[in-house]
Each structure stands twice: as C-alpha cells, then as structure tokens.
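For reference, chains read A, B, C, D, E and F in written order, and residue numbers begin at 1 within each chain.
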C-alpha cells in the first residue's frame, strides 16, 4: 500500500467513523459542493454509515448540471451547422436542452460531435478537419478552466484557424455566496471542493466563516478525507469557532496554484452568468478576453444565448438548499429519471437526485 | 483484387468464387460444402439457440478480432443455457472496399475459434454494401446446441441462499476496446478476454449439474447482468465490492476516464449462481481451467430488496448497484 | 465535479509528461503545474493536465497523525 | 425520442426499454419473453437451418419492406430443404438516427409476416452503430425447421429425365426494387413477390413427397439458380424460353435497362425439380394456391452438357444460359 | 401482336430460315458491327440455326469495348479526385484499364461513381452536388453522341457550372474503313448498325460497296430483320452486284436524322482517335468544340491521356478480322474471361469473345 | 452497340414525352427527333432520348411482303 492508498484503508476509516459516531451528538446538516465528493460519499457506502445526527445535502456541484438551458440551446444550435464539429467532454452528451434535445439526439439528427478526454485532443480534431470549425464546449469550474485556457493559448501558438471555445465556465465561490445569501438555506457546514481549491487556494472561501459563520473544510475524495473533514466540522461546531480549514494539504496549498490562475486570467475574465436552477449569479462565469477573440465561438456570426423557459415542477432549488430530500420531489423517479432529467440535480450522476436514484438502496 | 467489390455479393459467379476462395477455405466442412438453401442437421432433445450481431470497432483489437469474437460471443450464449454448442451460422455484411487481407485474417480467425470451440459453421451468407453504407464488416452468428442438464440453467432460477461466482477479472474486454479509441488513447497492458466458454461450462455441468444460473456479462457488464437476473428471478443479490476481481490496469484506466469497470463488457467470463453447498466444487472445477483460474465467489442471493442488486463496500456500507442506463461515456466530472 | 486522478510521473519531455496508474500510461501536459515534478512524483491529473504535484511527506504525515490519534498501528 | 439513439444498443436500461417497447410488442411470444442468453426449443428429427442478412435499399419498396422480406427470405430457405419452418432468430443493426416510426413499421411488418408464416421469433439482438456506419437498418434472420420428407430435397438430387417447374413469374422482386432507384426511375406496375412459401411447400410435399429439388431463385435469379443445381447434380438442364413466365412490365422494364429478367431476384417463387410422372400432380397442388397460381413446367433435366443450362429459344435455337457474373448493371449497349 | 412484334414471330422466322438454308449454297463470312446485333444473333438462338455455309464474325461493335486503355486510364485518374463525381452508363463500370483497375475497383477505393441511364440524369447529379464537378463519361457511337451533345446544350441553358463531359465518342464508318483497308481481312459482307444508321443514314457506307465491293445491309435487331438481311446479302452475292441496302426502313431514313446530326455537329468535331485493339484510326473520334470548352472535362487542369501498354497475348485483331474464332485464342476462358477480360472482345457481353463465353453451349 | 427500345408515346409536354412499354412508363427527351411524334406513335428510345419515330405503315408493309413472298397467311 502506498502512502496515497492509505486514504482508502477500511480499518483506518472504520476507526474514524467510530470516533465520528461518538462525537456527533448534535444534529448537523452538511453540504458538499463538489460532485466528485457526492459520488464518493454514495459509492463508498459512507452515506449509509453516517451517524443519524448527520444529514448529507448535495450541492450544485457539477458544472455540467448547472450549465443553463440557454447555454445548452446555444451549443445545440451550433451543432446543427454543417461546417461545425462539436468537441466535448462526455459529461455534456446527455444534458437536456429545450424540448428534451441533447448532443445525443443532435448526433442522431446528423450533427458531428467528438467526445474528448482533454481539450488538447480537440486541437487534434481541428487539425484533422481543416474545412470545418471545431468548437470545444468549455464547461467546468476553476479546475477545468485553466486547462481550457492553456489549450486556447496552444491553439494560438499552433496558429490553428478553425478552433474555438464556447466558454461557459463557472466559478464556485459566487455560487456558495448565492446559496448562503438566501435566508431559507438550511446548511450548517460545507465540505469544499478539493480540486477547485488546488487552483484557487483557501482565501476565496474566507467569507463562509467570516460573514456567514459556517464551518468549512477543504478536503480530498477518499473516505478518510471525508471522514476527517466531518470530524473537523463537528469539532468546530463544538468549539463555536467556524473557520475555513484546509485538510487536503497533500494536494492543496493555501495559496492554490498561481501558475494555473495566471493562465486562466490571461485568457478569461469573470462576468455574471446563468446557472441552471439558480438563475443569474453575479461574477460567477468566465468569458474569453478580447485578446483571444479569434478563438471565441460566442463571437461567431449568428451565435446567441437564446431564451429558455423555466423548469416546470422541479424542486432542485429546495434540494440544493437542504430543505428537501431528492426523493421528496413529486417528480422523482416518475417524470424525472436519469434518462429523462427534469432538473440539474438529475442531469449527471453527480447531481443529488441522480445520486439518490443510482446509489440509494432503500427508496 | 485486393479489396472487396460489390460484385462479390451479387449471388453470381463472382460471389461463388469469393465464397469458395475465402469461406470454404477457412470455415469449410461437409455440411457447409453442400451449398443448399439450408444445412441439414441432426439434433436430439431440447436445444438452445442464440443470435448476435458483431459490430465492434476496431475490428482488430488487443486480444482478438471481430471474427473470433463473433464465434465466442454466440458459443458462449448457447453454453450459458447449459448447452453444448454444436453448430453456427454466420452472416457477413461487408463494406465495398474492405481490404481482402483484413477479411482473410478475420475469416481465418473465425475458423480457428470455431475449431477450438468444437463447433461447425454450417450455413453462411455474404452481402456487400456500397462504400459508406456499412463500417468495414459486421458479422452475425447464430448458434445452436444440445442442452446437457434438466432443468437448464436460466436467469429465472436464482434462489435465495444461492452463491454468486464469477469466473475471473471483470472489464478486460471493455477496457481493451476503449484503449484503442482515438481521442481517449492511453496505453493499457490489457487484452480482451474474448474466449469460448463452451468447454469450461461442459466440465462445470458434468461436475455440478445443479447450477441455477449461468450468464456471460457482456454489454452492460457485471452490474447490468446481475440486475437482469435479480429482475428475472425476483430476488435480491448482494455482492461484496472487495471480492470482485478487477485487473489493476482496468481499474487504472477506468479511474482516468471516470468509468466503472462493473459496467464494462466481458467476452470470456461468466457468472454462475448455484446452491451454496455446491459452490466449492464449482470453484474447484473453474479454477482448474485456465479460463476460470480467477474464479471467486462475490456474493449471494437474498430475499431482501427483491429485484435489486446491493453492493457491500469495503467500508462496510451498502448501496445500490444499478443497471447501466445508456452507454458509458468518459467524463471529467 | 472535477474528476482528477493521482498518477505517477515516469517520463518528462519539456511540457509533456508520461504518467502511469495501475500500469496504464498516458501523456499529460505540464503547462499549469506550479512546481515541476520529478520522476517518481505523483501528480493530480485533470482533463489531460497535471494540476498539482502531490506531497508524499504530507500524506504520510496525515496518515501517521490519524493512526496515532486513533491508537492504530502504523501500516 | 423520435430517432434511434446509440444508447438503445448499449445493453443497459435504455436498451431494455427499447426492446420491450418495440420488439416484444410486435414479435413477442413465450420463448422470446424468457430473455435468457439463448432460447430453449424442442426439435425432433433432422432439422434444416439457414441464415441470411437483409440489406435491401430502399427499406420500403412496392410490395413489401425489409422486415417482411427478412422473414420470408429465411422461411423460404428453410422450406426449400423440405422442412416446416418453426423458429427464427433476428439480429438488427440500426443506424443511429433511424426514425422510430420507420423502425416500428418494419418490426410490425416482421411480426405480421412471422404470424402468417406460422414461425416464432425466439431470440434477437439489437446493435446501434453511429450515424454513417450503417445504412439505416440491416436485419439478419436465421431459421430452423423440421424436415418433413426423407430424403430431403437437395440441389444434388436433380436426375436425368426430371421435369423443372417454376411456381410463377420471374423477376418481379428485382424489377420492383430497380424501379425505385434514383437515376433509373421509371414507373412500373410491378410489386415485389415477397412471400412466405412454407405453407405451399408443406402442401406440395404432402401430395408429392418424392420431389428431388426445391430452390428459391433469389439473388442471381432463375438462371443462376439453375446453373447451381446443374453443377451440384452434375446434369444438364434444358429450358424453353417461351415457357418461362415473365410479366410484360418486367420484360418492358428490362428491355429499357438492357437487363435480363432471368437474372433478377425473386422472393416469393421457387423452382421444383421432380420425376416426370409426378409433375402434373405437383402443378395441380401449386396452381390451387394463390402463391403458385402461375406455376408451369419450363424444362427438363438432361444427360447432355452436364453442369450447364441450355435454353431453347422460340426460334428453335439452343444456347447457353450462363450464370450471372457480377451484379447486373443497366446499360445502353 | 402489334405490327412491330411480328418481327419476332417464330413461324415467319422459321420460314425465312428455311429459305436461307435453301439459298445459301456458297460459303459466306459476314460480320455484324453492332453489339446489339451480336447479342440478338446469339440470344435468339439464330446462330445455332444458321446454314453451315454461313460463318458469323463479330466486329468491333461495342463502343465500350473499343474505349482505349489510355482513355480508361484517363477517367480512372479523374475518378480519384475528391472533388469529382463520375457519372456513367453502367456499361463502363467493369471496363479494365491499366493493372486491371476499373470504375468498380475505383469505387471500392473510394471514388464516387453514379450510374445513370441517360446523360440527362447526370445533370441532376450535378445540380444535387454543387460542391463537386460531375464528369459524365461520353462514350458511344453516332447513336449516343447526339444525346450527349443535347445534354451539353442543356447544361449551358441551365447554366450548370459543375458539369463536364469527358468525350470519347467514336464513329463507325472510319472503323469499317480501317478493317477493310487491312488486306488480311476476310469478310464477305456486313450487317450494318440499325441505330447508328438511324442518325447517319445510308450514304456514309457507300464506300463499302463502291470501293471494297462488299455487300452491306442496314437492318433492325429482331430475328426477322437479321434473316432478311442475310437473304439480301446472299442475293447480292449471287447477282454479283454489291450495294448498301437499307432493310430497316421502318426506323432508318436513307438521309438519317438531320436534326440529331446538327446537334452533334454543333457540339462535337471529328478527330483521329485511339481504339482498343485497333490503334489510332483517322477521323474516328469526336471532341468538344471550343464553343463548349467550359463543359469539356479534357480541359480540366491536369487531365491527360496517359500512355497505356499494348495488350499482351490478345488475338482480338484476328478475331475482328474474321481470321480466328474467339475460342481459338489461347487465352480464351483461361486468362481471359468476362471477369478478367484481356482484350476488347471480352469486355462487354457484346464483344465476340464474351458472347461466345456467355451464349455458346458447345465449347 | 446502341440498345434502343420502341416505346409508345402516351403524353407530350413540349420537349418531353411520356412513353410506355409493357405498362412501364418513362420520360424521354424529344430534342433529337426529326419528326414530331403523335400520341400513339412508337419512337425508338436510346439513353433517354427519342431518336426516331417508327413508321408503322412501313413495318406492316415489310411483314406483308415477307408473308406473301413465303406464302404464309397474314397475321
């Protein structure tokens, strides 16, 4: 077992869990905002083992889920163009836009869509198809945005004329702010996203403790990471001293990754942005700077963000704010399933409703 | 000619030459050589019949090709009913322009796989479609065999208390295919497990005729197959995550792409559900064969949560192991 | 939200490194990393980019802390 | 969704829904509904087994569609061995984006054809390939049936002195398909003869069990089929041009395109070679059935020019009727 | 039976055949130069019924067969171009060029080839594929050339910019002249092509009787037409008065079809041309006039007539001159079959060797 | 060499005629014909063009001539 595998060690985890069971004597509602945490909590079985006092609420934690329907409508329109090839992470393939259309159905309708693992691979698609414009769909939080920014810089270095990015990147801190700004939100603590934090560091979360007095822990994705974060939260709650703690020090520097941030800042600039289920959040998105306008798909002729109708019947807002469990939504497992998602929480496995659907045995 | 032409599918002399030069050469036997509209076979007792079309891309992959896969896939489905696979038919749909060398390699590989599986290819059909109307080559095989035990194993027969065995590592075929895909390319020391299971199933049933269920976890992987059986038999199935054998490279490849090896296809593995008292005997037979050397028990059949599959995690938690929804796609979140 | 995997660096070639997990290898870009990794280092890989070097000493420290705190034997 | 998606071929929940909504609905029966890896069938005595893939373009044509054709084609091949067709398997290869309405129409048509032919579809498989990797839909069917007479009719059994019958007009299917081709388009009052011949063959063999050869002149047409039999039996076959029934519209269409109706495919006709004394009885049975109402004797089996087919022209001349070489192409000279 | 069907009437034909059997008491070697005559003579069984004194020799009668290997090489090169769609009569699909390549194998190699029944249909292909150049392969004698000329005029009327013709049309009289000019030719009489004559009339054949004293009859394609032509030839031989007789008066005017000739002359002009098996024959081919240069595929950049090696071992020259029967060629049904034709006579069913292969029972 | 079929004219529309044989109909162009056909006339069709009108009287005359010459009854 190497030093990183120890973070999965069942014996160590059980011991931590016993400690948590002993110490969590007060009710605690915590939210994790990162979908990878969501999946880890469910997939590891940790959720079924948490103390009865602890309630797990899944946040808006998947950049794909929160891609707004207007944004989906926008790239579906682009996909229809004969001279366009869409390059995308697999995550976006099933995300529904207006009228249940998605990249999957667009493909069936004749659109050319290439799934890539890395934005770098989209450059190769562009090089291989000089007669068409390759549009990479830039989605993701601060972890992914620097990779896409670096790719745009590379495209310029390689003098690629037929590569563009449709930039719908989003930022985590403004979303947390929006959640807490709502007086109805019922969240006692946050588990903060480890890989976003690897880029942005700890400082941008300071307001969670300072202004909202919500204890928050940056941590990793192994069961040990999550358990230790929960123990830390319980301790902070007991001591009455909320803070933002970095418990993922093997990866996250308090100052984050300044190189990645510099690349991101060179190419992108923050703007107000639309979030599925949450609406327009100030300063929560990124757009491509003027200096890289030639690589901006949004500036192609005829590209706009169409209006999209609001979601009828979806209770995601309440789910996200911890006021309702996914299976309490009247649409859950009826009109709304992973095959026919209604709201953002059902869109990818990382949404709270989808995780319930996929992992919960006792529904 | 070095490429397949439309004329080779015309039914005329060009077709006859093509069939004789290629298919008779590699697949020929007395029955096929009759060249009547149908093959005449003698079969006794209840028989199992199964069909599959093979459209795998790429047509050559680490550990096999579409030809051997087409033999293994159908032989295995017939074997899963407790039958001895005897005869196969094969239908080829070829794209005009397919290199003859590729086709010859595939047909030779089919012949070899059929001989190894002790099945005879007794009827065939070849169509050639215009360039662009198919992707290189598709192969349908349909197989038939005599059922060796009564009652035959079936997905409907899983019973509470039964033990669930798998014959080896999960996900090798699926990951071997993924590793060849453009845009995802990584180097994985993994080859497809594609193999004929007919012989091993024969040995198993000779020693342990009371097996309840046999099934090969192909498309949809182990998770989907277990869900199908839980549904057909209306029982719960509980498996232990830590006991499921997965090659470290398959686990590694899946972690990069955000995939779950339990939903990846296998083409040379099967799962066996049988009464607990016979489990050790079955494992002994399986482990004695190279195709079952990695056999282990991974769980049991329960009365609880009927129709569902529960997974007990290393942490001791329990969660649903759902069915695959659509195809698994690589993801970054 | 941001699936990222710790992979071991087995070769470095300017801005590109070969990384490995479970015997599977891939190339990743080093454009974003803030401290150049050495061979044998683990890096966190996301979407084809190494985004941080992992600190092995820190990891061992953390584990040791828990083991001691919980009264468990060292593994 | 109004179009076929890749997910429908994933083997997961989307596949299961798709199969249930479509295939069970139209093709379902107790055996298919078991959903095991293979169907369990009881069969006695010698059986005939045949396979064919159907790639017809267009998928809907005057007189039928690819679905009914896929049933008829294989049922007929099984029947040609003197067997009663009982069970079919079917393998679908679907192109992503195929309209669901088209698919539903095709599957419904298969169901109808299977019921009319009294065969059950006992196993199936569905693959979906990316747009552009197949042309709309390909269907493989494999059939099996119990042989009713001993010895079974075979292309090897044509004997000198035998009479050659055909069950009706030659070339209808081939011309109906040609009439739909872009670039050749003409209006022809001709529909495909696609039909299941199992019932008629049953009646024929009940009345005249001593039939030597049955064969359906599909790809390559009457001329090619006769050549195959002459070769298999090592006999000559002599036919009278004036006796071969051809619809005037088929003759007209062929004259425009420079084609020969004797090389056009038929999908609801067969030829029957039998001892001369039984020819009238056979014709009577055939003519009493709508599918054989146009049955006539067209020639006989000879010792002369073994392996070849001779055509006696209306003028009284004699010439070779060769085998089709490659596909017939329209010509201007 | 309508008045045209009577020309097939077996009873009438048998009566004519009896008359021919009675009258043909001298050896007679006749050649038909039209492939449709060849096929009719074989297919109707007439050949097996001819008097022993009459020897049937098949001429160079198929425009496809005599398309020179250089010309085939030329269009196969064009077919390779990504921006070209070849439109062609089905007849040309299997005609072999250098190294056994043909349009069939080109298609398998990825070329786009559309088979049309009429050159008019090629205009529709061009209209439907504005991004590519559609090249129609102009082959055929005087029957076909006017149809292609009319099509080129229509393309100009429709202002189609992406339609061109690769013009390899050939003319019949110069080929007859070349055959007879060879002192070794051993032909007593000609049956002349009915449909070529429908266009050119009787006058261009006058030299056959005038200069070479070979009796010749223009006739139709039904058995009665051919039998009556043979009777006419036998009569002329007996009388010692060779002439060019028009026995196809229901279709052929002695003056031909002046309208069709005018269209042909407007678009094409005669040149020396290469014939497969016969070599360069003066004034035997047509090219597109300057006025229609925009529709001439030969004038596309890079299009040339490549050199093609001579045919090794083929005895077509002797077969065509009546000095050898097809099955006397050492390659017949060995190296040379319809699937692997060596010489022009095996290329299409209308060639003498191919007709032997396809129709002759006693080989 | 020049496959051409006699077909009956069943409709005329400027330069295009509908023609028929054995119940099969097609459109042909009349650009090349030197004498306009009437409905019911037969034309010789080659590669989509009518190249000549067929002379029915001439055909009957020919047949009659042969029948008389051969001493056959008129059909």
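Here, a residue touches a chain if its C-beta (ideal position, glycine included) is under 8 Å from a C-beta of that chain, and two chains touch if they have at least 3 such contacts.
Computed from a prediction, not measured in an experiment: that's the story for all the values here.
S.K.: Provide the labels of all chains in contact with chain C and in contact with chain E.
M.R.: B
S.K.: So using the touch definition from the top, which pair is joined by more C-beta contacts, D-F or E-F?
M.R.: Most C-beta pairs in contact, of the two: E-F.
S.K.: Computing the C-alpha centre of each chain, which chain sits at the greatest distance from chain A?
M.R.: F
S.K.: Going by the average position of its CA atoms, which chain sits the greatest distance from chain C?
M.R.: Of all chains, F has its centre farthest from that of chain C.
S.K.: Roughly how far is chain B from chain C, going centre to centre by Cα mean, in whole Å?
M.R.: 37
S.K.: Using mean CA coordinates as chain centres, what's the chain B-chain E distance in Å?
M.R.: Roughly 57 Å separates the two chain centres.
S.K.: So how far apart, in whole Å, are chain B and chain D when each is placed at the average of its C-alpha atoms?
M.R.: Centres of chain B and chain D (C-alpha means) sit 31 Å apart.
S.K.: Could you pull out the residues of chain F that touch at least 2 other chains?
M.R.: In chain F, residues 1-3, 46-47 touch at least two other chains, as defined above.
S.K.: Please output the residue numbers of chain A that touch at least 2 other chains, ranges allowed.
M.R.: 35-36, 62-63, 89, 104, 117, 121, 140, 144, 339, 350
S.K.: Indicate the residues of chain B shared as contacts by at least two other chains.
M.R.: If we look for residues of chain B contacting two or more partner chains, we find 5-7, 13-14, 130, 256, 258, 325-326, 331-333.
S.K.: Tell me, which pairs of chains are in touch?
M.R.: Pairs satisfying the touch definition: A-B, A-C, A-D, B-C, B-D, B-E, D-E, D-F, E-F.
S.K.: Which of the residues in chain D come into contact with chain F in the complex?
M.R.: That would be residues 179, 186-190, 247-253, 255-256, 258, 331-333 of chain D.
S.K.: So in the complex, the part of chain C that touches chain B is made up of which residues?
M.R.: 1-3, 5, 7, 20-26, 45-47
S.K.: Help me check something: in the complex, which residues belonging to chain E touch chain D?
M.R.: Chain E residues touching chain D: 8, 10, 13-14, 17, 35-36, 42-49, 62-64, 89-91, 93-94, 104, 114-117, 121, 124-125, 140, 144, 223, 338-339, 348, 350, 357-362.
S.K.: Where on chain A is chain D touching in the complex?
M.R.: Residue list for chain A touching chain D: 100, 104-105, 107-110, 339.
S.K.: Please name which positions on chain D make contact with chain A in the complex.
M.R.: The touching residues are 1, 3-7, 13-14, 17, 96-97, 130-131.
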